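Here the structure is laid out as structure tokens; the discussion comes afterwards.
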Amino acid sequence: MAEGELLIRNGVVYDPINGVKGEKKDICIRDGKVVEEVKNPKVIDAEGRVVMPGGVDIHSHIAGAKVNAGRLFRPEDGRKGVKARTKVCRSESGYSVPNTFATGYRYARMGYTFVMEAAMPPLAARHTHEEMVDIPILDNAALPLIDNNWMTMEYVKSGDMDLLAAYIAWMMKATKGYGVKVVNPGGTEAWAWAKNCDLNDEVPYFDVTPAEIVKNLAVANEKFEMPHSIHVHGNMLGHPGNYEVTTSTYDLVKGIKPYRDRPAMHATHTQFHAYGGTRWGDFESKAGAIADYINKNEHVSIDLGSIILGDTTTMTADGPMEYSLYQITGRKWTNHDVELETGSGITPFLYSGKSPVNTIQWAIGQELALLVKDPWKLALTTDHPNAGPFIGYPIIISMLMSKRRRDESAEDMHKVIFDRAEYSSIDREYDLNEIAIITRGMAAKTLGLHEHGKGHLGVGADGDVAVYDMSPEETDAGKIQKAFLNTKYTIKGGEVVVKDGEVVATPAGKTYFVTPECDDKLTDEMLVKLKDKFEHYYSVNFNNYPVQDAYVPNPYEIKAPWRS
Amino acid sequence: MEELIEGEEKMQTIRLKIKEEVTNGAAKIPVEVDSLTPDKLAGKTEAEIKAVKVWWGNKEENTGDLFDVSVEGEAGSAEEVKIVLEGDLSRVKRIGDGMKAGEIEALGDVDMHCGAMMSGGKITVKGNADCWAGREMHGGELVIEGDAGDNLCAMYRGEMTGMTGGKVVVGGNAGECIAQNMAGGEIVIKGNVDILTGLNMKGGKITIEGDAVMPGADMTGGEITVKGKVLDMMPSFRLEGTESIESEEYKKYTGDLAMTEKKAKGVLYVK
Amino acid sequence: MIKMGTKVNLISGRTIVQGQNLDNKLSEAYFNEVATCELNESDMEKLGVAADGHVKVKTNYGEVVVKAKEKAGTPEGVIFIPMGPWANALVSGDTHGAGMPSFKGIDAEIEPTEEEVLQVKALMKTYME
Amino acid sequence: MVEITDVVCSLCGCVCDDIVVEVEDNKVTKVKKGACAVGKSKLMGHGRIEEPAIRENGNLKDCSYDEAIKKAAEILAASRRPLLYGWSSTVCEADKVGVELAEEIGAVIDNTASVCHGPSVLAIQDVGLPSCTLGEVKNRADLIIYWGANPAAAHANHMKRYSYISKGYWTEEGKKNKKLVVVDVRRTPTAKMADVFLQIEQGKDYLVFSALRALLYGYDDVVPEEVGGISKKDLLETVKMMKEAKFGIIFFGMGVTHTRGRHNNIVNAIETTRAAHTHTKFSIMPMRGHYNVAGINQVCTWETGFPFAVDLSRGYAWYNPGEISATDLLIRRECDAALIIASDPGAHFPGESIRHLSKIPVIQIDPFPNPTTEFADVVIPAAISGVEAEGNVYRMDNIPIRLRKLVDTEYLADEEIMKSILEEVRAIKEKEGE
């Protein structure tokens, strides 16, 4: 946070959380926060340019064990993005798996100031935090994986929802995490025996189904005033015909009453879950079916996981899915199963516009955005780096804003785009207000961060602002893309961090984490079981497990009381 | 510029002789000359060439401070440029790195990455070349009159593909893992090779006139011919029979079955 | 180099006492453990060395004197010197483009000797000449 | 007397964290539980480098920390090709400053992985690594293969805590329902415990892996009767055990990385794991040596993009083991100054490379005197991480664990020393008007 005053003058402001849709407006910042007025400010002239709150990414893999395993095993990706250090910046490397410094700089250049690391293996939480601290500029948080945990499955089996909640609370505190992450529930545990689970299969040895895990975690999560819902990567990701599994997963939380005005489930990287067909040969888009569901229901929000063409590094806690992908490509494959908790897989992948499957995937990601009517229900992501690196966001923005751009892209792709996807028949074009919603407003609200100053520019909000070098009337998709890749200014906590696309300051970001408040008696009861797990099955001692305060030097704690 | 009579070739020879003081210290710090290719020097005057920056350790220096530079003739394009490197070149790295056209002649032993990523033109090394000569080569010609080090014509770390095109001839022996992940082009080694020639190769042709150790491991395509002895033949190749090449009997193997039958499309000829 | 002794294959590696004295390399305990060479019984006999007798090991990269130790389970023709300064006087620095020296599988020659085993400080001095 | 529990061992890659020690008068007086003989020796302590020192006329002369740090900074700031080497026996916090210093002075930064499991990293870059945490092995593994690894000597608690002898959820009866296969050149103490010991001919590992793969894929017809000293019958028996296992794991050590074939032996070991994985669950893991060698690989990777052997001379990273790795730089006499921290090339590098190291200015940062001290020009004593200083380390399976501080010390921690050197270097550069 910078001390002093800053005035961003005459910009055309898009601040959807506060209902500001392209108004010429000044933004005043004092000591890092948005205020009504300033007296002796430094002035930034934003005359006629698009101004938005700092971007908020709801789902991106930027830090931790598997991200770094991805970097480590892809020196050929590392060498793609090298850039020498400057007086201000450390050296950059990598394209789909950029180093920590490049991650911070590149997001900041796009006007983003908050990123959610989407999967933190609890046993390796220290690692995630070590990297997050090393990412300059960005505020961040991480979602611990709680779904394949033996503790979770045992409580799901016994039906002890309060004890499950106590376990969630303990894990949130032990990992300094932000919310409950679910990845291929049950399937990742099954993968430890080289098996996988569909939604209603029994998890080997645990006598529960993935559906039960999801539902019970949602129930337990809502026992607290959690800012975020459960965050779900469902079963059968990436399998042709999975869209019905997807909507059945959504159905699981129907009727669960969330703590506040957000859905009870956030379903992530939906592109990978909106597949029709029965095999790759008759693979087709089912974005329409998914969008229909989202349009008719209020209990699920989604993010896109939109494809960026080119080479990338796929990585997920969904071990069996990465194995299938590796079997298709024959490229290198890393797997890392984590005792009692989770797993992960990593393999490089090339999305090619010549491939019918990749072409349909490309269509699906954008179709979802175009067919879901209410942009407040979705966020722009590429599930970085799974569907492509985050620096591809401006490509997707330009596609959503320009039917002409989409038509041009379709011409360059495999012809299946015309008959196994709706892509070319959709005319909708996003306006800048809608872009502001899917790149900051929706994510901030869904994560409950708008109450903590993120994703908007109301008085009291963080002084995080992006000034894009474009007029609101711009229709040239190429220019739009360019403007969203490198801001005119990015301001973080009142400090100019990017000017004319160059990083000029690198303040440290904050780590946001949630502390659910749980009854001691419940916690003690839960701990009996948990300590037994440590004594017999974990390879790390109970007392060495929780993330120490030293790992979170710039903490931002959000308390989540037990709901009465 | 003087108008040329049609058909007459212009030619420019740039002589770069490394200064003794660069190479005779207690530490032999390499000079990296990726900025001194025919493509990058074409059209430059002697003074301009002297001012081209090269990396020497962690500092950029003027070419003229590290090399004695002399230029004869003139050239309009890279094809018309010949660079002659002289002196102790054993710590001169990245000679001809990325070159597309023209010619480089190195009069002595050269350091690593000579001809790396070259796609055209010709490099002749009058001595030995250290590791990674011809790394990720796409085209052109690389002649090493002495020995070549390890990883000749291999890929960069982690890349799927090594050499894809061009021709490489080594007069002497070559080191370990040459032509790893090779996908195209041709390599001839007049002497012996160390372990794992053509490791994981997918295409292209390698001829070893001397002996080889464990050639062809993990190959899925391409062809290796060993005219000398094979030491430690891979245990995962299938003997298909014999074939006559240049009127000599060769055993023909296919492999590598360790990659599974479906992928084992490599051919290994052994005398 | 004129080769005089018996041809063997040299490997180096960890031992438990070497590990215990990893932070204690100037000690007698380290010297007694690491400045040694393990051979099997028949190789010991062939060389005519008794336990703790001194042997000189030579390779293309250097030579060093160490104490011989009989060790069952060592194959014939293989000698083992615990990783450390004495073994490293003999190994090849050629990393074959992989960064890793050749710590194992070095052609060596071994012969009995009356020469003393150098202490670690004296051994290091030889590099400074 | 105070008893401290949950002490984390800072010796080998096992990073045991269930140790109990007694501390009296600010000294560890007893290791009561948990540590192996090697770890215990580390916790109890050894003779120290007592004072900072600078070499003058051939002899080390004691000086203050400030003087030693200033001298170190002068050497590094003046260097055209500095090498910063070591980093595996210290904490990640110090490693981070090391990478920053390397960037600041355009240095090569390399760590002990390059002479240990660097080849494993290279292999992972070719084919990836199907692996798991050690607790997975403990709970599930019924087939354990140690290949070129001798944990009985090098990782004494490994079998007890994590593998063959440990008890877990599906392995309640310990070794009773498990099989142990050992592949080694020598009949090591580990080999003596094995159900099956395959005594391999030195340097033939690559061939044996390829044979196993061919057999795992069912091409029995092509594999000859003997490969690398092992009979086809024994290979077939091993393959049968691999296929029949519910959960198999290969642990490999420097017997594979140090020998002919180097990283490609590991590529082949990993390919063997993949082949076995077509039949059942199979994983593989390197037996990392130093307690935080995995950690410096992690830090170096997230900060530069690459795990070791990183050249920052141009201000951005160029990674190339075999060119940029410490041994190569020294043997080729490339570097003109070196900072050695938390490692001992004097003892662990080939003689040829020590020869060059002894001729250039060398800065040593270490708690203990060792062969490197013999030619170091600036010697800076450090606190012992895990005894006198805390910090993060990564176990051999890349699980991060925080070392505890057990006693107080006057010695500076590695992180503090590195920060001071970095500051001093920046001050020099500023003065020079850079």
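Which chain is which? They are A, B, C and D, in the order written, and residues in each are numbered from 1.
Definition applied: a residue touches a chain if its C-beta (ideal position, glycine included) is under 8 Å from a C-beta of that chain, and two chains touch if they have at least 3 such contacts.
Given the structure is predicted, the values throughout are model-derived calculations rather than measurements.
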item	value
Topological distance between chain C and chain D, in contact steps	1
Comparison of B-C and B-D (more C-beta pairs in contact)	B-D
Identity of the chain that, by mean CA position, is farthest from chain A	C
Central subunit by CA centre of mass proxy	D
Whole-Å gap between the CA centroids of chain A and chain D	34
Distance from the mean Cα position of chain C to that of chain B, given in whole angstrom	38
Averaged-CA centre spacing for the pair chain C and chain A, given as whole angstrom	56
Where chain D touches two or more other chains at once, by residue number	122, 125-126, 260, 312, 314, 319, 321-323, 359
Where chain B touches two or more other chains at once, by residue number	131-132, 150-151, 157-158, 177
Two or more partner chains touched - positions in chain A	73-75, 79, 332
Touching chain combinations (by label order)	A-B, A-D, B-C, B-D, C-D
Touching residues (chain side chain C, partner chain B) in the complex	96-98
Chain C partner contacts - residues on chain D that touch it in the complex	11-12, 37-38, 41-42, 46-47, 114-115, 118-119, 122, 150, 152-154, 156, 185-188, 191-192, 199, 202-203, 254-255, 257-260, 262-263, 289, 308-309, 321-328, 330-331, 344, 346-355, 357-359, 367-371, 374-375
Of all residues in chain B, those that touch chain C in their complex	131-132, 149-151, 175-177, 194
Residue numbers on chain A that touch chain D, as the complex places them	63, 65, 67-69, 71-75, 78-79, 81-85, 90-94, 97-101, 123-124, 126-127, 130-131, 134, 192-194, 326, 332-340, 343, 346-347, 536-541, 543-544, 548, 550-551
Complex interface listing, chain C residues touching chain D	9, 11-16, 19-27, 61-62, 71-75, 78, 80, 83-85, 88-105, 120-121, 123-125, 127-128
